[in-house]
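Below are structures written as structure tokens.
The following pair of complexes shares a single chain, chain A, combined with chain B in the former and chain C in the latter.
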Partner chain A sequence: MAELICRALRDGALDGEHAPALTIKDSIDSPFGPHVFNHVLAQLSANILAAKSQSQGLVLVASSQSPSFYFDLLKSRGNDVASFHKWLRVLDCYTDPLGWKVRLMACGSISSRSPEASNTVRLCTDVRNLDNLSLSIMELGRELVGQGKGRFSVAIDSASEMIRHASISSVAALLSNLRSHDQVSCAFWLLHSDLHDVRVTAALEYMSSMLGSIEPMNRPANVQRGNSENLSLFEQNSNKGKFHVRLKRRNGRVRLMNEEFCIEQSSIKFTAVSSEDGIISQGLVPKVQFNLQLSEKERIERAKVVLPFEHQGTGKPIEIYDGRQSLNESSTESTNSSSAEKVQTNQDPGKGEIIYFRDSDDEMPDSDEDPDDDLDI
Partner chain B sequence: MAATKTRSSSFSRNISAASTPQIPGLKCGPNGTIFVSSGIPDLDKILGGGFPLGSLVMVMEDIEAPHHMLLLRNFMSQGLVHNQPLLYASPSREPRAFLGTLPSPVLSKDDKSRDHDLEQEKGLRIAWQYRKYLGENQQNFEGQRDGKPDYCNDFDLRKPLERHFLSNQRIDCFSLEGSPNLDPFRERCSTFLAQLPRYDGNLTSACRIAIQSFYAPQCEYSNTEWEMLSFVRSLKSMVQSSNAVAVLTFPPSLVSSSFSKRLQHLADTLLSVKAIPDEDKELANLLTGYNDMVGLLNVHKVAHFNTQVPVILEATTFSIKLKKRRSLVLECLNQAPIDGSSGTSYATTGSCSGSSKTGTLDF
Partner chain C sequence: MEVWVRRMGVGKNGDSGLLPDDDFGLILGDGESGLLLAGGESRFTGFLPWQCIVYIWSLEGTAMENGGSWNLLDQAIGPLIEDPYASRSGGSVVLIEDCVETSGAFVLHHLIKRSISPLPPHSSPVLLILVSFARSFSHYDRILRKMGCNVVVQRDNKRFIFLDMRKLECPEAMSDGDGGDTFEGGLVDLYGKIQKAVEVSIVNGGSRSVVIMIDDISLLEVAAKGSSNHVLDFLHYCHTLKTDFGCSLAFLNHEDIYSSTERSNLILQMEYLADVVIKAEPLATGLAKDVHGQLTVMNKRNFDRWKKMSYFHFRVRENNVEYFYPGSRT
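This part shows the complex of A and B:
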């Protein structure tokens, strides 16, 4: 849930642990990543202003939108422009990422335009040098919170832009340094998953503790054909979508959550999922056995059971049943019969008795006995 | 009349006297292998004694859960408790800091729940009418009792390892992040392993290598997959020719699938850990003890040295639980009892049999 994520970012990092990090992932099927990013940004800024969050400031690395866009965004959420200086710093990687304008100005091709003179924005002219970038982020953060125990949050507008200019290992190193830095409270970034290799996306997911992926409401079966059904699906996808969150918890379990969202005029609304689809991790548990171990109670109970023959040998003579007991009683009759089997019924009314005579005496004595007869309970 | 003449053959069984080293921390196994404990008693039992000397153990991580750290911690602590040299490498800048999180062994005697199993078997009661004549037919259960009591310790994950174990000279730490390629690490491994070569004659001790998150993306060399593969291969050959065990963990989802397969084939013992979803009702219904579980451990391959016979395990998936929140136990997955209220229960159908009495039968 978006609420949960914002709360996790607000609460920040515990001492000695890495700061929580959120990756917002979207794709062309549902390109609402920037909306979710702006939403999280606005929530976090509201929390910072209200002093509810662990972090006291926010450093925003703007690569895909200009800083003025973010100023307007925050203004529209009711934040006072004048107060930006106190809690916000923007590292502008949008205006001149590779330093071309600087070089053109140096050789006089373009007239020097007055840059946005603002003490909240610092211009970055070389996004390929990630060491400098990370130093700038740290410096801006320290400007906000000072050298001491204060913490600040870091928001990276587009990690995809960063990966465009630098190798994944240096981006991953930057992110892991951010997370392990004492003064960083939380970090979040946006990633367009279809622009990159699967390994790159996996590497960024490795670096983060929360993953929010944005998916379309329903995937249209065939993108090319302009069926009427597809068009209605597209319409649905145009302002709605699903938001899946995977939260890595400290005990090693993963919390999975689902939400739907709807883009309205300028804001995004998250609603709980209407139908529970019950996502089960298939194939997770291949072979499940039955528990054959006994609990303590069961063990005691088992010890109490008196087994047959256990009470023998305690004083009474030991009796061994060898299958001939019945013969002793009816020995007088059995000597007469040789081969024919005679069944004699006792004419006692109300009481039935079966008397069985063996076919012959030289039969093996154990062949016709009831095996349960020799139990002596 | 057969005259029983005991003829001693010219072939006598070669029971080498050196086969049982009384060295703490090492145990003899079948086929002349020598085992080193993994630090987790359940895992030792599953693997048939522990990790064989000279083997390479790989643990496939799940990027969503830190369970491989639990395995590594126990492995490293066990080595330190037995005073075995240790080399630890990790992608963080300060690997020494990790040593502070190693658990300390549990010393109390009342935690020996292993004894329970054996006593239960010894007390096997047979309801046999001739037992009185033939004497007690006691089944002597020769379980996988780990010889000496301190071959494998139970570790308390909440208590850190005592200082005097850590101030041991023989702990070496290496950070994988700084270097652009793996050559310095390879050098360090070979010098470390040179202290205990295999064919030295006398077996004094064993050394342990623990490499954590080998394919972490923040390391510069992580793009060069062939280099990393050749490093692992040379590590394996170095470990085979010395008295050492190496444990290497890597996240397979960060590696391209063909390299992941190659790495898995290089391993002598292959384990993998998996995270489980939280508050999953389906899983809670399927398994007992779901609430205590923190993850799953899969055993894919078990090392077998000096033998052609493969090791086939009864179960390959185990649940990782923290017993009393402090020690790691691995348990078989047990199916939860099916809810009795659903469906025709035994009690209701039993009534028809209960009403019949062993009474008068009229013929």
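This part shows the complex of A and C:
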């Protein structure tokens, strides 16, 4: 499913349509949003570099990690540093988001460290002003693809940070403008859903054609910490989780998919969710060391076993009066069986025989009825 | 000849299996110059003369040669200052959450002691900046003296900077240009002081590693006139010091002063920010004479190297704190 998302972002927007947008949503129970974000970012940049994607460049708005973190990340995925300036621009909202450092440098409190000379990074010192932010994103994008028909992608590493500094309506306006812009191929952003009201999360979800939500494998029923059962749940959730994807088509069709992921040393691995049957049988059968269920072969073999008390038939049809057949049938059958018995007796007179007539299903006596009522005492 | 270094904790004091990967390494050499083998599982193939000395040392504080070893809390937290040979991501962010029944101050004291206690030779000294909104210098001095650590000496050696912020009040109604009022002025100055101290220490070639501690966030919020947004801005700027200078951060906060129905935004944001979250709580099963509370440590760093969840009990004594697994004391 993560593949599907990356493909959708790679394919980009159709003319006259909004650019596809992805919201990656996590919560503190499974705070792996950044891992998924980095995965999507790395995949998209690989596609851009291989010229497989519609977009020719990427503008990254970095507010929760420094630009150098992302350079290291992309470097570790085998991208060439020298080529960054051709396809990547970073709007640095991390280093000095509110202009404190500029203010302190101006009054000489701290030494002015010249930022790394680079045309890839642009510093933003007022993240509260979303109009400027939006303008900067567009300018950086145009630096990459020019004024023509070329398109670029936009990645926002923390929509939560943006919402903290500005109102939801202005953030929504910014994202909406991005999506409807002619030169934007796709956009994706990360959101910590538990930091915001439901309506804020919903507003951003409405604006995205894809939603990837990250959930823990198991939610503890009782939030009380220190419980050893909960502790093992937390341990289980500490590097694994579920990845739910919701895709909205243009015609309104919604597709839901599930996947599981596992965090490894430097990457994230997605695996298809284990089959439903597996989950159910695992759920019902208690976990014991021995096998409680039969395999198909064992089941067939069990059916073949002849129990010692069963009538063997000896090649003839088995005829036992079970007391429930009609009188006529039973009379004919009884004559048949008696003749058969006679034959048997004739054949082997030395053997005794027990003839057992099973009781018919008598009705149980009512509790207030005297069972000896018919006795003439 | 091949030498294997594994996380066996082969120390002179006979420790075994307790030291985490990252915190010990192996030097082969004649005592002066040596060949460094990284911590964890490393292999050295080459000529090894009989006379060579094998050093096994830990990167931080308690060198194994001194007979010291990490307690349960240290093992759960891992190195406070990131292994300088491993990555450039710098230090880590440690968040201590406590509640009114169980104070988490002892964890902070432990981290103070661990940061400024004498280091093994050849390692760069650590500078500790303690921003205190809660207590005076003499309070920390008294407690740490009992724990065997003299902060006055460390202050004179320029390895300990104490910023007394008990009187900090953010000036009212500073205009931020858009007509909105902010109280962030005081916090900007405080941040300026911290960055200045870090710069001076690093530029002068003194300490290469810096640890910044804040005691505690709730009083910082009070100083910021209750604006958790400004507290978060301040913490964000502190976080940039981690990226720029490799500083480590440790914050103490109270979990139960926020609304119980919905977890506070501030607490959640801090948990997102933190690499290690330590929760100090009263004993879940009730009161006990020998157990003063329980600690849960969640370590989000280095997925393969550190235990992600640790849970143990503690008992605060006069001079130290005992940490032990539940049920291991009768």
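In the analysis below, the second predicted complex is superposed on the first by the 275 of 377 C-alpha atoms of A that agree within 3 Å, B and C clash if a C-alpha of one lies under 4 Å from a C-alpha of the other, contacts with A are read in each partner's own complex, and residues count from 1 in each chain.
Heads up, the rule we're going with is that a residue touches a chain if its C-beta (ideal position, glycine included) is under 8 Å from a C-beta of that chain, and two chains touch if they have at least 3 such contacts.
All values reported here derive from a predicted model rather than from experimental measurement.
Chemist: In the superposed arrangement, does A:Trp100 touch chain B (first), chain C (second), both or neither?
Modeler: second
Chemist: Taking the superposition as given, does A:Glu260 touch the first partner, chain B, the second, chain C, both, or neither?
Modeler: A:Glu260: touches no partner chain.
Chemist: If you stack the two complexes on chain A, which partner ends up touching A:Asn239: first (chain B), second (chain C), both, or neither?
Modeler: second
Chemist: Once chain A of both complexes is superposed, is A:Ala173 in touch with chain B (first), chain C (second), both, or neither?
Modeler: The answer is first: A:Ala173 touches chain B but not chain C.
Chemist: In the superposed arrangement, which partner chain does A:Tyr206 touch: chain B (first), chain C (second), both, or neither?
Modeler: After superposing on A, A:Tyr206 lies in contact with chain B but is clear of chain C.
Chemist: Looking at the overlay, does A:Asp11 come into contact with chain B only (first), chain C only (second), both, or neither?
Modeler: Touch status of A:Asp11: no partner.
Chemist: Have a look and say if chain B or chain C is in touch with more residues of chain A.
Modeler: Partner touching more chain A residues in the overlay: B.
Chemist: For A:Gly252, select first, second, both or neither according to whether it touches chain B, chain C, the two together, or no partner.
Modeler: The answer is first: A:Gly252 touches chain B but not chain C.
Chemist: Let me test your reading of the model: by the given contact rule, A:Asp29 touches which partner, first (chain B), second (chain C), both or neither?
Modeler: neither
Chemist: For the complex, give me every residue of chain C touching chain A.
Modeler: Listed in rising order, the residues of chain C that touch chain A are 88-89, 178, 184, 188-189, 191-193, 195-196, 199, 203, 229, 232-233, 236-237, 240, 243-244, 263, 265, 268-269, 271-272, 279, 281, 284, 294, 296, 298, 300, 302-304, 308-309, 311.
Chemist: In the complex of these two chains, what residues of chain B are touching chain A?
Modeler: Of all residues in chain B, those touching chain A are 63-67, 92, 120, 125, 127-132, 177, 216-220, 222-223, 251, 253-256, 274-280, 282-283, 286-288, 294-296, 315-317, 320, 332-335, 360-363.
Chemist: In their shared complex, at which residues does chain A touch chain B?
Modeler: Going by the criterion above, the answer is residues 167-170, 172-173, 175-176, 180, 199, 202-203, 205-207, 246, 248-249, 251-256, 278, 280-281, 284-291, 294, 299, 307-310, 312-313, 318, 320-321, 345, 350-352, 374-376.
Chemist: Which chain A residues qualify as touching chain C in the complex?
Modeler: Checking each residue of chain A against chain C gives 28, 31, 65-66, 68-69, 72, 94-98, 100-101, 103-104, 109-111, 113, 128, 164, 192, 194-195, 224-228, 231, 234-235, 238-239, 263-265.
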